Amino acid sequence: MIKRSFLGFVTPKLKHNIVPGPVQELPVPSKVTLLLKEPQNGGNASSLKAGDTVRTGQRLFASPDSAEYVISSVTGTISDVAPYMDSYGRKYAAVTIETGGQDDWEDEFNKEPSLDTALKFFEYAPGNPSFRPFADPEKTIRTIVINGMDQDLLITANQYVVQNEAADIKEGVKALEKITGADRIVITVPENLVQQANTTGAELKTLSTTYPDSLPHMIMKNMLGQVVSAGDTPEDTGVVFINAEAASAIGAAFETGRLRVTKIVTVVGKDGNTTNIRTRIGTPLRDILQACNVSINERDRLILGGPMRGTATYSEDLAIGPDTDGIVVQDEANSSQVTDYPCINCGECVRICPVKIPVNMLVRFLEARLYEDAASMYDMECCIECGLCSYACISRIPIFQYIKLGKYELSLTETAEAANE
Amino acid sequence: MGDYILLAIGAILVNNILLIQYLGNCPFLGTSKKMDTAVGMAMAVVFVLAMAGIVTWIFEAVFLKPLGLEYIRTIVFIVVIAALVQFVEIFLKKNIPALYAGLGIFLPLITTNCAVMGVCLINIKEEYNFLEMFVSSLAYPAGFGLALILFAGLRERIIIGRVPAPMQDVAIALVTAGFMSLSFLGFKGMI
Amino acid sequence: MAKTIVQEFTKGLWEEIPPFRLVLGLCPVLAVTKTVANGIGMGIAATFVLVCSNILVSALRNIIPSKVRVPCFIIIIATFVVVVELVMQAVAYPLFLQLGIFIPLIVVNCIILGRAEAFASKNGVAASTADGLGIGVGFTIALGALAAIREAFGAGTLSVPFSDTIVQLFGPSFKPFTFMVEAPGAFVCLGLMLGVMNLVGKK
Amino acid sequence: MRDIIRMIVVLAVLAACSGGLLAAVKSGTAEKIEYQQLKFVKGPAIKEIMKGCSNDPIVDRFKIKDGEIERGFYVGVFDGKANAVAYETSGKGFGGPVGIMVGVNIHTDKLLGIGVTTHSETPGLGSRAKDDPSFGVQFKGMAMNKPFKVKTDGGEIDAVSGATITSKGVCAGITQSAEFYKKLKPQIIEQAKAFAK
Amino acid sequence: MSSEKKLIVPHALFPSRPGAAGEKKLVVAHAPYWHDGSKISTKNYHIMLAALPAVLMGISQYGAPAVGVIALSMACAMIWELVWNLLLRRPHSIGDGSAAATGLLLGMLMPATAPWWVVALGTFIAIVVGKQIFGGIGFNPLNPPLLALAMLVISFKGIFDFDEALRHYDLGFAMSYPLGQVKYFGTAAIDKFSVGGLLMGQQAGAVGSTFGLGLIIGGLYLIIRGYIRWEIPLSFLVGVFVTALIFNLSDPAKYAGPFFHLFAGYTLIAAFFLAPEDSSSPANFIPMLIFGALAGLMTVLIRNIGAYVDGVPFSILLMNLANPLLDKIRPKAIGKVVENA
């Protein structure tokens, strides 16, 4: 926890960790759990049954006609397929695989870099890139940004990749050019990684290490000079963001002919010690915490992602996904607490918000559940979800949570309206 | 010139029609929940009062006073104002529909508004000459508008707050109006 | 179900007592409640106009064409207001001076036009009389109560209507909380009273 | 068409009835109202000035035309003789005109006293000219033949402290009134005689 | 703090929990998981700490009565808050220090000779009428102590006439109220006050508002610690200075100079402790400057040509009224789509 400084009149600057530690390799876990998105048509995971054997690198489908897949990160036998819902209400099938013996590689991956290949094999790659915007006829994507900076504090997974896998990224850049035909590929890194980034062949941009300058919207504004309109994504403006780790995984795949099934994760213990580990996607949190000697007790918090934007979870049995860059464990004493105090209009949030949202007013409307007014009068849709307002709120209002809820509720009413038309 | 400016400042701030003279409270409370409505009402009052002030003053000067009929002033004024508002409504509807769309719903409310009638009576009671009457007929409603818009700003925040149930709506609005009135006492003595 | 005459009268005393339940006619309530004498005087004047206009409107309700309904009501009300003005000058001149322009302003008082429009023009003479009397008495009680609170705190006295008597409530060392009899005190006091009434009404 | 005629007729009849009623009430109350106005607006000042008179000066009044203006005079009867009159004049104060009741002994032309009737001065400052007796009392016994002035202007009157403007206004008003008093004096004496005893 | 509760949210959207048996109860909450540690109580305790120098000076000057006024004011404020919470069955909020801060500030605005019932009445107005009926902390549209002060000043002129009230004190300096002197007797009457003397509290006045230096030190402490923003105090003081200067140049015999206005009366306590009160003042940069500057201007206008001796209560209350409108002046949010642009 970064406390307010004595000189409280200076707007606090939260700095990223910029010295990625060495990576500790974890052994193949005894089981992995992969989350497979439920197909749009809602069918059961009919193609996957307990007892099926799977190979490393094999694509697993929910049903034969589904486009959603996961890549098995181990070789073994499926032991369980259970329904699962995440905190945004999205439904998944949680596929648990018991590993058995040596890796047996599935060689379905062919080495031709094309959009089709990318869609078929990289949607579950570490770093979770998405190639769908390139396939979307309504979007023209001109620019790809390879983000070599991590998107949350404490986390150094992507920085580690830039530091140590620049060659793979270089291959990735070449492959991305072929796959997407983008005119411009940019890599963004902090000052200390400029040397490595320079060798990747992508256009270099140096990022400040102050949070939230590493978030896509901020990079768009500060580095590319393009502002994403309220409610839009960078893709709507023609820019796709890909994590450095994903770029590296893509490059490595074309070089070695094998898909990458490991993920680099920054583990932050209660004492604040950070360790970087590399492990199979789907490794349960319990295994990782044990390997890093992090004990966890009743009433602690276990956070997937970083301290500003992560998701606290309830069980050590959950597994890391391809997008899990960090695991943070907080003990009770260090956890921030929210209160039911109202906004006292101190203005800390207004001053800290990177996109100049009048959070002091916004939060009143959200509390009163006036989501439409919140969006139309107080710029709710401009929020880039950095969490700084909640961080600084003297009333300890869960502002960030309110904003996400507001956006969610508004999207529900909007889809309901669209359906009625 | 200076006298007229003082008269105007006096009417807008020092003797604010709503907060110090208590005239026009029904629309003050009724149209201040939303800023848009408040602005519409404020404009409508300025518009109608400027005309009503002139017309009633002329009636007083031309008919009532010479004929010694001051005692039926009340009845004449109310009829004149009611007719005027009707006329303005019809005129706007036909000729300036945009303005009618903005002010339309407020016009009928204004007929039974103490502020309009009150200022017309004040103009007579203070024995204003034509120019003074004109300044006062603009400045009083301007003060009304100022108070109404400030009040709407405060109320917008109060309504989304956590006012205890018994105090909600009109009760808290009245207390807030009292605070405004208290603050406006600060202008006392400035003219 | 039609109400009895008594119910028409009593509803004005609590259920629909202006200005607490019907938030109308606030200006005189705020302006003339510095003293109990003024408040009651105003209440009686308004009651007189209310009852007379209710009676006349109700009696003429079948004769008055609906298109010129409102102008007719206004003329009727204004006539009685002028009567009150003249009579008050003749018999209670100091009260007339105190109430000032709020006597002619009875004519635009939303309560009176409201009752004419909403009640008297649709009901018989007896019911309209009871309605006017009930609302008027309720209004007078409200004015009296607000004025009593304001005068007691703000001046430390209670003035008896229609006489020169002024009762001192406190000892000589009392310092009046004059805020209550100033303009802002009227708003705050009425607001708080309304809050208390809401609280009591709930239970 | 019949509708419109009916509307017009109803409105006209109503207006006529209203006019008739009001005219009746007006004429019935006119006298009383005038008396009440005098009693409560000017009465207190007149009573103060005419302290000790044996009649009711508000009843015993007459009017004299002075060019355009009609001026009212209130007669005070002392020892059976109508030897004092009071009349109203006005001066320019801080907040507007200040009405002043002036009482004069018509034999000696000396002031019996003055009193402020109507004013819109600041409470606590200018209003003291009305409420604080020590201001008005200074005029008692002064002769009407020279201008009244506050001390800062070289006169004899102590201004109400903090309200010099009001005080000057009162002095100027009385000084002015001396002019029409002089002019109308013969008529005043003539008319006042009627009220003796 | 009793009302600060942990958010332990049952994760209702998880119908199935893979391997739910016998696991530890972890706390689930929403991001962010870091907080800068600020809280309302800390802020209020620091405000009270910052006010301490001025209060101590007041106590050293006026002795036991000053202690009495301050202590009674804080106690009454907290009692009213407690009574309200009990009556409305709301969570207790005494611990947040807001009531204590309000009580302390109101006490600092009163003369040491204020009778007990004035203190009780004033704190009732500030806490209940000024704050709680609007929903409590954060919802008060006007500054509660100033609201109470304004009501008391217009009601009990004798008690708040410092010349009259403090007549019996002889503290070794001119025991008169500088603003009263200049208002009634012109600038000739204020030669006895030196700027240094005013700063050191050598003037008659309220318990906690005469010791200029102490208030400045406390204010600077609050600014440095970030508990108040510099914009409002600075623009307020500039507003006072400039307006006073203009008046002074126009008629030096009638209107006192700018430094006099800065250090006399309630100016400094207003600049650092009253005008920046959070919920009644703006949060954006330009509105803060306008708020302060206009409040300063109004203060001197009322002092010089208005009916009241000190304009502070009314000028700040007036700007409080404009606060919601002022705060609509704000930077365009990045990404905001302006319609019809």
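We just call them A, B, C, D and E in the order they show up, numbering each chain from 1.
Following the convention adopted for this analysis, a residue touches a chain if its C-beta (ideal position, glycine included) is under 8 Å from a C-beta of that chain, and two chains touch if they have at least 3 such contacts.
For clarity, every value in this text was computed on a predicted model and none was experimentally measured.
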Third chains touching both subunit D and subunit C: B
Neighbouring chains common to subunit C and subunit E, by label: B
Longest centre-to-centre distance from subunit B, chain (CA-based): A
Chain occupying the middle, per Cα centroid: E
Chain pair with the higher count of C-beta pairs in contact (B-C, B-E): B-C
Of all other chains, the one whose Cα centre sits farthest from subunit C: A
Centre-to-centre distance between subunit C and subunit B (centres being mean Cα positions), rounded to whole Å: 22
Distance from the mean Cα position of subunit E to that of subunit D, given in whole angstrom: 52
Euclidean distance of C-alpha centroids - subunit B vs subunit D, Å: 34
Length of the line joining the C-alpha centres of subunit A and subunit E, rounded to whole Å: 46
Shared interface positions of subunit A, touching two or more other chains: 342
Two or more partner chains touched - positions in subunit C: 71, 75, 78-79, 82, 86, 179, 182, 184, 188, 192, 195
In subunit D, residues with contacts to at least two other chains: 18, 22, 26, 122
Chain-chain contacts as defined at top: A-B, A-E, B-C, B-D, B-E, C-D, C-E
Residue numbers on subunit E that touch subunit B, as the complex places them: 88, 129, 132-136, 138-139, 141-142, 147, 150-151, 154, 298, 301-302, 305-308, 311, 313-315, 317-318, 320-325, 328
For the subunit E and subunit A complex, residues of the former touching the latter: 1, 3-7, 11, 13-20, 23-40, 43, 91, 96, 135-139, 223-227, 229-230, 278-284, 327, 330-337
Subunit E partner contacts - residues on subunit C that touch it in the complex: 175-180, 182, 184, 188, 192, 195
Touching residues on subunit A, where the partner in the complex is subunit B: 342, 364-365, 367-368, 370
For the subunit D and subunit C complex, residues of the former touching the latter: 3, 6-7, 10-11, 14-15, 18, 21-22, 25-26, 29, 32-33, 36-37, 39-41
